[in-house]
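Shared between the two complexes below is subunit A, which has subunit B as its partner in the first and subunit C in the second.
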Partner chain A sequence: MLSTILEVNNLKTYFKKNKRIVRAVDGIDFKINAGEIVALVGESGCGKSMTSLSIMGLVPSPEGKVVEGEILLDGVNLAELTEKKMYKIRGKEIAMIFQEPMTSLNPVLTIGDQLLSVIIYHLKLPKREAEQKAIEMLELVGFSDPEKLLKSYPHRLSGGMRQRVMIAMAMSCNPKLLIADEPTTALDVTIQAQVLELMKEISIKFSTSILLITHDLGVVSELADRVIVMYAGQIVEIANIDDLFDYPLHPYTVGLINSVPKIEGEIERLQAIKGNVPAPGTIIEGCRFAKRCNKVFERCTKEMPALRKMDGTRSVRCFLYDDVGGE
Partner chain B sequence: MTTYIIRRTLMAFPLLFLITIISFGMMQMAPGDPTALMMDPMIKQENLAAYKEAYGLNDNVIVQYVRWLGNMIQGNFGESLIRQGVPVSELILARLPNTLILMIVSSVIAFLISIPLGVISATKRNSLTDYSITFVSFLGVATPNFWIGLVLIMFMSVHMGWFPTGGVATLGEPFSIWDRIHHLILPAFVLATADMAGLTRYSRSSMLEVLRQDYIRTAKANGFKNGTVIFKHGLRNGLIPIITIIGLMLPSFIGGSVIIESIFAWPGIGLLFVEAAFQRDYPVIMAVVVIAASLVVIGNLIADILYAIVDPRIEY
Partner chain C sequence: MGSTSLLEFTSPLNMEEVNKVIEEETLLEVQNLKMYFPIKAGIIQRVVGHVKAVDDISFRVRKGETLGIVGESGCGKSTMGRALIRLYEPTGGSVLYDGIDITKLPERALRPLIRKKIQMIFQDPYASLNPRKSLGNLLKEPLKAHGLYANSTERNEKIKELLEVVGLHSSSMNYYPNEFSGGQRQRIGIARALVLNPELIIADEAVSALDVSIQAQIINLLEDLQSQFNLTYIFISHDLSVVRHIADRVGVMYLGKLVELADKNDIYSEALHPYTQALLSAVPTIRQKGTINRDRIILKGDIPSSSNPPTGCVFHTRCPAKIKACETIVPQLKEVQPNRFVACHLYDNPQIV
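Coming up: the complex of A and B.
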């Protein structure tokens, strides 16, 4: 039995927007085991990024708030920690890298300033040792001349280099969990492959768990062990990577997989999922995906299906599988 | 960098040249001349004519300008027409330090008050604090600062007697730093109010912009404390646009000092300028114009250099 690093129970993160309440994350549960790479997928606006910000305790306040639920990191509930205690968690226990490497580094501070300040702040190393550590980390992410890099400003670096610096910075304190929010979306394809490869290596080397947030199923298939599919603030399916691509259960997952262009096979129109993600804040009766679902039946518009466990590793939120297996 | 500074300095000369032509022309177009104001009305016409002839006031405007320019380039600003025999440079040198002290102290006051207020306003956006700061700022924008000066003189000096009503030092007393500072506080504060409100607003919007940036989120995700995030990662970026504003503010400081020096009887070049303008003391007016224009040019050059120091992305 693998030990659980992160356990999220019934997490609800709501936003107040024009006096209306938007349920960005609406009661989600999942676990991440040690050394595991879990992908969180879904279209834009489904609550992926809000989930990650909730875990980090960085939900924009005062408009957004974690209203309910537990976020257990090694048994400690982050949702209840004070801001002061969270300072010691962020960057040390949980690190994060972002979608936009071009703007994620401070333009007026050198790479060294930014990297060293994190190491000195969390690991309380003297400057010389911190510098040694920084050089080590930069070598690890594939820079050949780290001493020189420490003195450079971010605008001298390409997007891929900056993302590697971000990874070095995130990994410098050896976190238990790395949250990667669309880490390769802004990079070109060859660089994407490099960065993904690097993340995989690092996950193995440091036995760090990764929560990979993406809408790119290609990235998911490269990297993830397990996949969580989100739709409109809820989890609709959880599956191991092979199961998910071999036989997706939820009609939404099927739609997502079908909308990825394939190289083999005859050329035909890409199958997009009809319709759009419901605007955040719209109240939907019944299944949230019903309006766009091609297998919709009467019950779907009246009742909300529950997330049902199918077998050891698999869960799905759909009435189609009500009478199949499970508990 | 050095070549940039040299290039900018060289570019300043044609600009200054143009400024002198325009000011000289405008001054000559204004009705009256020095003789109309200083002479005994009973003076004989031939004496008046002789005076004008002696000072070259009968010559063609262009001849006068070229003569003035020729002298100025050699560092000779001429003699005052009103205080006869006193070189203009002597008048200026006696007054310039007072103006510079007033301007430097009041700009320091303006920065020390406005930038922190702007930062507080931005970090506590849409709170009561923010609204109060915004309200006071708009009040400040809408209030002419000579009026603030008069009200403060009335209240702080006349009624309460806390500060002197004007001047740079108590007459007849030996020099003392404290006495100087005591005289400086009110005029420096009032001059600062001219740009404080605007500067607060600019700092607020600049900081708001910066606090939305991705690198601020990175800094937060690295676990840095709020103060570190705002001051180390935020403020340095937020100051970049403020530097431009500071360069632009300089002319208004010089313009403002003309008014404030008049109100507080502050013997600086602003007050000198006002007196000279009323008396049509052409050489003095021109000298002050050249100095003020040079200050603005130098100020903008310093702003550009600071820009490159604060923002590593800018290279000259």
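Coming up: the complex of A and C.
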């Protein structure tokens, strides 16, 4: 059995908005094993980004707060750590890359300044060795002239290059977990292919676990080992990558897969999911997907289904599978 | 036009052929369209160069078809869409709509003709809707501007009907744009484009900002409207899967140039241009049981700047199949097979194809 790197138990992150409480993340449980790439999938507002920010301890405060649950990184509960202790974790144990790298790079500092500060702070290396390490990292992510790059400012780089700098920075302290929040969404397809390839190489080389957050099922299929599907703040399905795309169980997962136009093969008409994603903070009785579900029956509108374990790796939150297998 | 006289000569059994001729009637013809933006520098803002956003592009759009235009950011696809209807004044070339050259028309003549018959749908509908006007007023505006319908009641009727067509409740007339979700706003954007009964709709990344489940709804809606109102679409998008789904023919742009243009099935099953091949292979796909593993061509480097494009073929700096001629000679878009156009020196010699 592989060792567990991250374990999230009953995590709840709530927001206060106009005196109402928005349950952005509403009781989720999952695990990430060593060296595994786990994708967190869902549409906007499903709580996937808020989950990652909760793990990093970056939930916007004071309006947002992790109100309940545990986030265990190698047995240490991050939810209880002080901000000072989180400083030592962020960047060292868990690193994060974002959708738009320009917003996470400081425009008035050179790439070298920013990369070195991370390495010096966490690895406590003298400047010369840190520089050596920085050059090594930049070469690793595919830059041919890293010495020159260290002296450049972020605005001189293209989107793809910036994202590679971010990956170099994230990997420089050899983190246990890399959280990638829509890492290729802002990139063009040919550049996206480069970055995805790089992330694959890196996860193998460093045996780093990756939590990949994305809305793009194609990217998931390229990169992930296991998939967690979220809807309206809850997990609706967990499955291995092949199981998920070959035999999706939850009607929402089925809908998601069917509504994506495919590059191969012809479909006459896309099967859209009716209705809209519920606005955050809407209180829904019963199953949260019931209103849009094409297999809805009476029980769905009255009771909330639990996330049930089906077999070894698979869980689903749906009454349709109440009598099938599992515990 | 030609189609009526054709009917007289063809036997009724040959209706299929007639339909084909009508179908292939050209609605829009673009000839050598150029859109350059000056780069200014210094105190007196001297022009020191040009960004060649659209550089010498020619193609036809047939009546009733959907022409997909794909390309990565900065390839000039959106600029081209805008230059077509003179939201930018093209630097050169001509755009013939039903035989009339749009680029030569004075602004006054443009309105009744082009501003009515060609409409645009944008990526972010919220940015193109006035937040201080109710939906009803937003949709009534174009009708008033073009002096359609005699009175307010008739206009209201028309708008109610239109809202139902795009899948919104007619009571939403009194709501303001901020009260709608992203998908609903795109429906409003579509209603706004349809209100003048256009013939051609240019959709610029119309579904790119939407969640997949909503995206599918809007794509289906666009398809329904096309058959219902006999619309012609130019569908500009970076999403190759969406274009495969919606388009009949596809044009591929790279750094201001059209590098390939062909029927959708030809492009997606056997692309000719090395850029198209790389682009298609780079799209992340859902792998299900039975999905064939495709070879991935990973292009090196980034897209060069369009203010200083490479000499010869603009793609030669990244092309895996580069030959000597590519560095110096600009390849022209040529018909290498019936209805298949490609701009690449690999196909200079017709025997190769």
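Just so it is clear, the second predicted complex is superposed on the first by the 323 of 327 C-alpha atoms of A that agree within 3 Å, B and C clash if a C-alpha of one lies under 4 Å from a C-alpha of the other, contacts with A are read in each partner's own complex, and residues count from 1 in each chain.
Keep this in mind: contacts are C-beta pairs under 8 Å (C-beta built on N, C-alpha and C of every residue); 3 or more make two chains touch, one makes a residue touch a chain.
Every value quoted in this text rests on a predicted model; they were computed, and no experiment measured them.
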item: Simultaneous placement of subunit C and subunit B on subunit A, clash or fit; value: fit
item: First, second, both or neither for A:Leu256, with subunit B first and subunit C second; value: second
item: Contacts of A:Tyr87 with subunit B and subunit C, given as first, second, both or neither; value: first
item: Between subunit B and subunit C, more extensive residue contact with subunit A; value: C
item: First, second, both or neither for A:Asp246, with subunit B first and subunit C second; value: second
item: Which of subunit B and subunit C A:Leu105 touches, first, second, both or neither; value: first
item: Partner chain(s) touched by A:Met169 [first = subunit B, second = subunit C, both, neither]; value: first
item: Partner chain in contact with A:Met56 - subunit B first, subunit C second, else both or neither; value: first
item: Which of subunit B and subunit C A:Val66 touches, first, second, both or neither; value: neither
item: For subunit A as apex, the angle formed with subunit B and subunit C - C-alpha centres, to the nearest 10 degrees; value: 80
item: Smallest separation of CA atoms, subunit C relative to subunit B, angstrom; value: 7
item: Intersection of the subunit A residues that touch subunit B with those that touch subunit C; value: none
item: Residue ranges of subunit C touching subunit A (in the complex, touch as defined); value: 72-73, 181, 183-184, 211-217, 219-220, 223, 238-242, 244-246, 268, 278-289, 291-292, 296, 298-299, 302-303
item: In the complex, subunit B residues that touch subunit A; value: 213-215, 217-226, 232-233, 236-237, 240, 310-313
item: Interface residues, subunit A side, partner subunit C - complex; value: 43-44, 158, 160-161, 188-194, 196-197, 215-222, 242, 245-246, 255-264, 267, 269-274, 276-277, 279, 292
item: Residues of subunit A that touch subunit B when the two form their complex; value: 56, 58, 83, 86-92, 95-96, 98, 100, 103-110, 117-118, 121-122, 153, 155, 166, 169
